[in-house]
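Structure, as structure tokens:
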Amino acid sequence: MDPSSSGIQEPFDLIRLSLSERVFVKLRGDRELSGILHAYDGHMNLILSDVEETIMIVDEEGQGAVNIAKRKMNMLFVRGDGVILVSPPSRT
Amino acid sequence: MSGLQGYVDQRVLLILQDGRAIVGVMAGYDQKSNVVLSDSKERVYSPDEGVEEIPLGLYLVKGDQIVLIGELDEALDQSVDLATIRAEPLPPIRY
Amino acid sequence: MLIFSVFKTLTDQTVTVELKNDLSITGVLKSVDQFLNIRLDSIKVLDETRHPHMMAVKNCFIRGSVVRYVQLPAEHVDTQLLEDATRREAAAQAKR
């Protein structure tokens, strides 16, 4: 497929095309977010709305059982240094 | 600039990257938010006993070690009996 | 620059800053700089019984690099404006 037809030439284009869409964000510290993307910059600082955060808490003693904590936030700035990946979740 | 103006000569609390809490009078700071405290003390928190204050005297803290600088309400701070406070130390910063 | 501008428009609004040491601090945003260092007034630490360390602190300076999240007042954020500004900044970046 011709990459120009999708308007994607570089990685940030994928994020640009996700503006106003719900995205999935993986963060350092075993955290994940799902939220609607409204802004980003070159540091991958993000502003998301209608956010659900999932924190995976691995219990070292209990055979590595994973506890999951969830919380919702209305409008959230995410500092880019914690971002591992951003993806449009509809396609995953 | 969201600098540190207004904190000079005030009693402040510094929280550091490794979780330490230090109180003192801010004697000065620079562009990189390096800070000099006078009459400073480390406050060591523990869940089993009261807060221990360790005198540090004149202390220079490198800007990149600083998490937060807070202005202390002196009257409020003095009204707290540190010997009665039980708490875990603050966790270190994890990137 | 874009995010810095967003924070500037939120001056005098109440925000909650969550740090990378899991401390959450709610307060009135007084100022922000290019490093996204933040000054908060009238602060309140979440779960103060577990974190009494800041009991006597009324305002504070937070280093931008230790921030994980900032919860913003949604009613003061124009999402359409943000998306347009982001596209504009991305276009300007691409031309460079």
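Points worth noting:
The first chain written gets the first letter, and so on, giving A, B and C; residue counts start at 1 in each chain.
Here is the rule we go by: a contact is a pair of C-beta atoms (placed from the backbone, for glycine too) under 8 Å apart; a residue touches a chain by one contact, two chains touch by 3 or more.
Note that the structure is a prediction, hence the values are computed from the model and not measured.
Taking A-B and B-C together, the pair of chains sharing more C-beta contacts is B-C. Of all chains present, the one whose mean CA position sits nearest the global mean of protein CA atoms is C. Greatest centre-to-centre distance from subunit A is found for B, with centres as Cα means. In this assembly, the C-alpha centroid of subunit B lies 22 Å from the C-alpha centroid of subunit C.
Centroids of subunit A and subunit B (each the mean of its C-alpha atoms) stand 34 Å apart.
Shown for subunit A are the residues in touch with two or more other chains, namely 29, 81-82. Multi-chain contact residues of subunit C (touching two or more other chains) are listed as 20, 65. Multi-chain contact residues of subunit B, defined as those touching 2 or more other chains: 94-95. Contact residues on subunit A toward subunit B in their complex (touch as defined above): 28-29, 81-82.
The residues of subunit A lying in touch with subunit C in their complex are 12, 16, 19-20, 29, 36, 38-42, 45, 47, 49, 73-79, 81-82. The residues of subunit B lying in touch with subunit A in their complex are 94-95. Subunit B makes touch with subunit C in their complex at residues 1-4, 7, 13, 15, 17, 19, 21, 33, 43, 45, 63-64, 66-74, 76-77, 80, 85, 87-88, 90-95.
Contact residues of subunit C toward subunit A in the complex are 1-3, 6-7, 20, 36, 64-65, 67-74, 77, 79, 82-83, 85-87, 89-90, 93.
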